[in-house]
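Given below, in the form of structure tokens, are the structures.
One chain, subunit A, links the two complexes that follow: it is found with subunit B in the first and with subunit C in the second.
Our next item is the complex of A and B:
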């Protein structure tokens, strides 16, 4: 392994693995070691790999990250800027990947909600997590995460239970003496007929460079409903690689809303398998890179049962030298007759150097399928800009107004309403900064 | 208030305005008529500051300052308003919100207090008396799916709210039914004032029965070729543009 990134992992892994929560559990040790050797054998993918075609890891390969933050438990961090007023249900806060009980809220959990840190769950009852940890993968970051994740979230909603207050999962990067890597995992199960609202937030408690990986494994049993809302406002030095893998049983409905605003190099791979009849997966979001940000969202949605539905609506806006990528793959497998699959991705370039790549891929192997996809990349309409300016709006304000209007539809259906307003406000705060000052 | 002197302008490399002169005093209404493609809309765009409309010679003085040196938003703030011949649709931007944002942007730049939503709604209600517009149109996206006539009425409604000092109405009468034409004319007449001027571009003498102009000009091939009082419009209606074609610029147009 000739590169600095893998060398750092290889050097530190041995010692790290023996300290990780769950170390000593035979099946887990074996799985971690297997993933580690696979990672060290294959390293990070190059852009020749189809899945990494648009995201180069060459620069990352040259950097070494220290594994885990020994001071994570004591770093003083300011969480106020992440607060969403009125959203004060249970919350778990992670600083540099480590669970911080002092910043979290886990007392008085509503009946029917099990919520704990992964570290605690691994120590108390590792065997109950075996299935989720056993997942085979060929992705380098999945392997890294499966090897090194020692903390994260374990959440279960009991059958038939509706949890009204949104549960927040907050991941914060905090400045440290060295560049840090952290790896977290979320295991989430919604029992039959249950309902949950989740907020996943990424932010920074001060500028610094770090690499974070988060793998979320989400299962919805029959008729369960999940509203998953992601507010990604990581700091300018953050490399953030996430996978959210959804599996939906009969009549289950998962809705994912995401705002991808922060970070230097950010990738979110969303996979959804519609395993049961009439399962529905809705995903909507906005990615808005400026500066030299690189933000990639990947959708891989598989319809495997009859009358399943998926609806993806994404808006991308890029300014400066920002780069956005949306890869949207939808597969309707043989037998998934009567399925309905939609993908709508419109993008806006605010400067000549900005770039957005959109790649819809639709594969249909079933009958009586309704499917539609549309993807466009355009610019602000000069005639409309002039119209606004002729009414007195300064150019920057006109650009920001049009950019917000362009993105608004992506949040239209975010429930509950107070959360929608928070998300809209965060987007409204981000876009003028993004759209306002362009050299274009 | 407005002095246009020997204005030459190009669009996409092609000369469109070729020595246009016109003087407009506060309180006056000037009608501009002329054949298709003569440069009437071009004049409106040049005055409002649209990019791509390049002035190659001549001057435009507004209230003693060089209008051409100002950005479009600064011209609006200084009181210049263009009612577009083809108002654009702006999906996703609420009509009322847009208008309040525009008004407050102007007020802010003029150093005036911005209006809160209550004050603004009060103003809107008042202006609706001048220019009726269904509440449905107020709550939709700007011009989106509006009929041709509704778009024109929306332009005049915006004018009533923004209260410009120099309003250029580019064929606001085109596409209006007879009742709407009267409404638009009433709207304009209600705003006529000693410190406000209008340039009304139209193809139809009928509008001028309702908005009685102080002067009528003929714009042909990028110049004002004839000027007169309102009876000029009647003559044009009768004889067509053929009889003014080929004339030299009218000496000291109005």
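Our next item is the complex of A and C:
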């Protein structure tokens, strides 16, 4: 292989594959090997590839990561920093991509909720996961993940069951002697008419360099409701590549709130396929790169059935040398009449070295639709700043106040309330740092 | 050589009235039966040299073409546009076709040529004078007649064919040719640079306001020929010019390639307004035939306070691939793009603009109106790029799509890249259809469905039509009406 990244994968893959959970299951071995050879053949994409136009992987290509952390089970980590006050439902904690029963809370699961680690599920009943692993993909990180993911989450909510307490999935990075790569997978199914609140958190116990990939496969059956909340506060050395793929059946509703705050190079690709009539997908979030952070969020929302609705509202704030990228694509397929699709992306550029790239895309193949998008890039209104300062607010505080108000709209509809407050607090804690660092 | 007369047919009557009206008449679909002098199909260095030799070009021009050709050979045809294009066999195209009788003045022009223009309504000859328009008519590849030369010369304006400019004003051509769209800019621009046969050259000297609107009519005539014209417009300091370009091509079954390059240079405080009504043959309702219109148009606002404005009405061509752009280099320079693109039947358009803000306080405005009917696919693709140096830059983009029918598509692919915190960029896009309510309202007022559609479409496009010179605005409105007849039903 021509680059260090792929060479490291190629060298270690053989040994790693044989000890991954599920190794020895014929179909799984075959799928993993197929994904591996496809990855080794094509490598990482370049910025000439349209999907990676704004995210360069050239620096990553020159780095080698060790596959998996053999000491993950015994590393001591401080989980307090990720605690969510008032949120005390079931939780799964992963350290360097490996499930840690000792840090998790899986006892007293509510009736109708199945929750286990992927490693356990692969050992107990790999065949039930066959469909989720068989997905064909052309994305390099999807391939890498499909090859090397040995742990993660398997979550099922039985039909008609409403789970009141939020379920937390916590991904923690801990420093090791070498630069590590981990790959995790979440398989989530909400049965007919069920409801679930989920919190996905990313954090690191240090500034160590590492790579994490997470692929979440989320299915909502008829009438199911999912509230998915992502708090991404990865450490400054983290490269975090995630895909969250939603599929919604008739009358299902998924709401995704995301705060993309941490990490060095972070990409979150969100795909939502509205397969059933009247399915709805709502996504709201904030990405706020500072320092030299590169944060990309990609939305790919597909209306494939009648009277489906999607509503995306994202705010971006870039400071220092940070770069924020939003790609928001909405596709309305032929026959998806009555679709209603909206995307709203507003961005603040706070420093001379920062950059925002936004790409709202509409592809419409049906005529009885309402579809629109708006995107802006600008800065804080000088007149409003002046007004606040004339009322005695110091400049920094005035900027922080306005920046926070600018972002806050993305969290207004987050439920439940304690979680909303917690998210708002994390955002507020992140933003003044941003606004305060900027040059006047 | 092509000797063929094509027939124009209104198409067979359809079962329902609306369907019948939907059958589109391509009124410019005729072939002029004159002898042409063509090179055999195929492209290699010899062909490039032969084109250059036939035009009696100096060595530097031949070398420039050859360099472009060699670069082109290393390139691949772009595939990022949302277009469904059958592979093009570039060796099956004849790269040069010139009317055999070399006309020296309008009086010597083959009457059949003039007849062609008459059918198209080109205001040539006396009609040109009445219309107050100077026309540089490009017939296939060679410019056959230029009117109003004298009047323009008195003002110091140079308006001639590109071949003539290469002969008469080599220092100007050498200075500016390829300075906005370099020979190797993209696949089709490189091809054009190697084989371009003619085009228009405009030079407006310092302080001159061009006394009349300049106009060129392009026409593809001979079969199996691509048309590769190259236009260069230079507006020196404090000058002003408005340029009109109209395009039609006869009906033919095979797809023909049109790969043009247009370069605009606006120096300090200069203003260039470039308007296009593009009505190349779109192919029939089954997507057979039609022009592949792959055009690179770019304006360079090189001087401070300069201004370039593109207006386009695109109703023709089987496939349109074009992004008239502005490089806003000078401080306070401004770029505008006003576009109406209509696709009907199996037409495809991937069009938009690029606004590259480099200078301080630069401004750009983009208004794009896409109309899709039948099985037409219409994409807006636009880039707004604010470089770090472009403090105080402003952009506003409005992109609207109108869908008429269930099988068409309307797509929007904007790229917004901002690197200066003093910039303000706004993009808005909407997609809608002509609603039953609107139609019902109009019909209850005694307006026929056809008239109602035409009225609504006219209203939808008004912001763009307003930018067109009057005679073009009327033509554009008529073109849309003809193109959309009966598209509702």
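FYI, the second predicted complex is superposed on the first by the 439 of 440 C-alpha atoms of A that agree within 3 Å, B and C clash if a C-alpha of one lies under 4 Å from a C-alpha of the other, contacts with A are read in each partner's own complex, and residues count from 1 in each chain.
Here is the rule we go by: contacts are C-beta pairs under 8 Å (C-beta built on N, C-alpha and C of every residue); 3 or more make two chains touch, one makes a residue touch a chain.
No experiment lies behind these values; they were computed from the predicted model shown.
> For A:375, is the partner it touches subunit B (first), subunit C (second), both, or none of the two (neither)?
After superposition on chain A, A:375 lies in contact with subunit C alone.
> Would you sort A:356 into first (subunit B), second (subunit C), both or neither based on which partner it touches?
Touch status of A:356: second partner only.
> Touch check for A:402: first (subunit B), second (subunit C), both, or neither?
In the superposed model, A:402 contacts subunit B only, not subunit C.
> Which chain, subunit B or subunit C, ends up touching more residues of subunit A in the combined arrangement?
Counting contacted residues of subunit A, the larger count belongs to C.
> According to the stated criteria, A:394 is in contact with first (subunit B), second (subunit C), both, or neither; which is it?
first
> In the overlaid three-chain picture, which partner chain does A:108 touch, first (subunit B) or second (subunit C), both, or neither?
Neither: A:108 stays clear of subunit B and subunit C.
> Which subunit A residues lie in the overlap of the subunit B contact set and the subunit C contact set?
None.
> Which residues of subunit C touch subunit A once you look at their complex with the stated criterion?
Residues 80, 82, 386, 388, 401, 403-433.
> Of all residues in subunit A, which touch subunit C in the complex?
Interface residues on the subunit A side: 50, 334, 347, 349-379.
> How about subunit B: which of its residues touch subunit A in the complex?
That would be residues 48-52, 71-73, 75-77, 81-82, 84, 87-88, 90-93, 98-99, 101-103, 105-106, 109, 141, 158, 162 of subunit B.
> Given the complex with subunit B, which residues does subunit A contribute to the contact?
Of all residues in subunit A, those touching subunit B are 381-384, 386-395, 397-398, 401-402, 404-406, 408-409.
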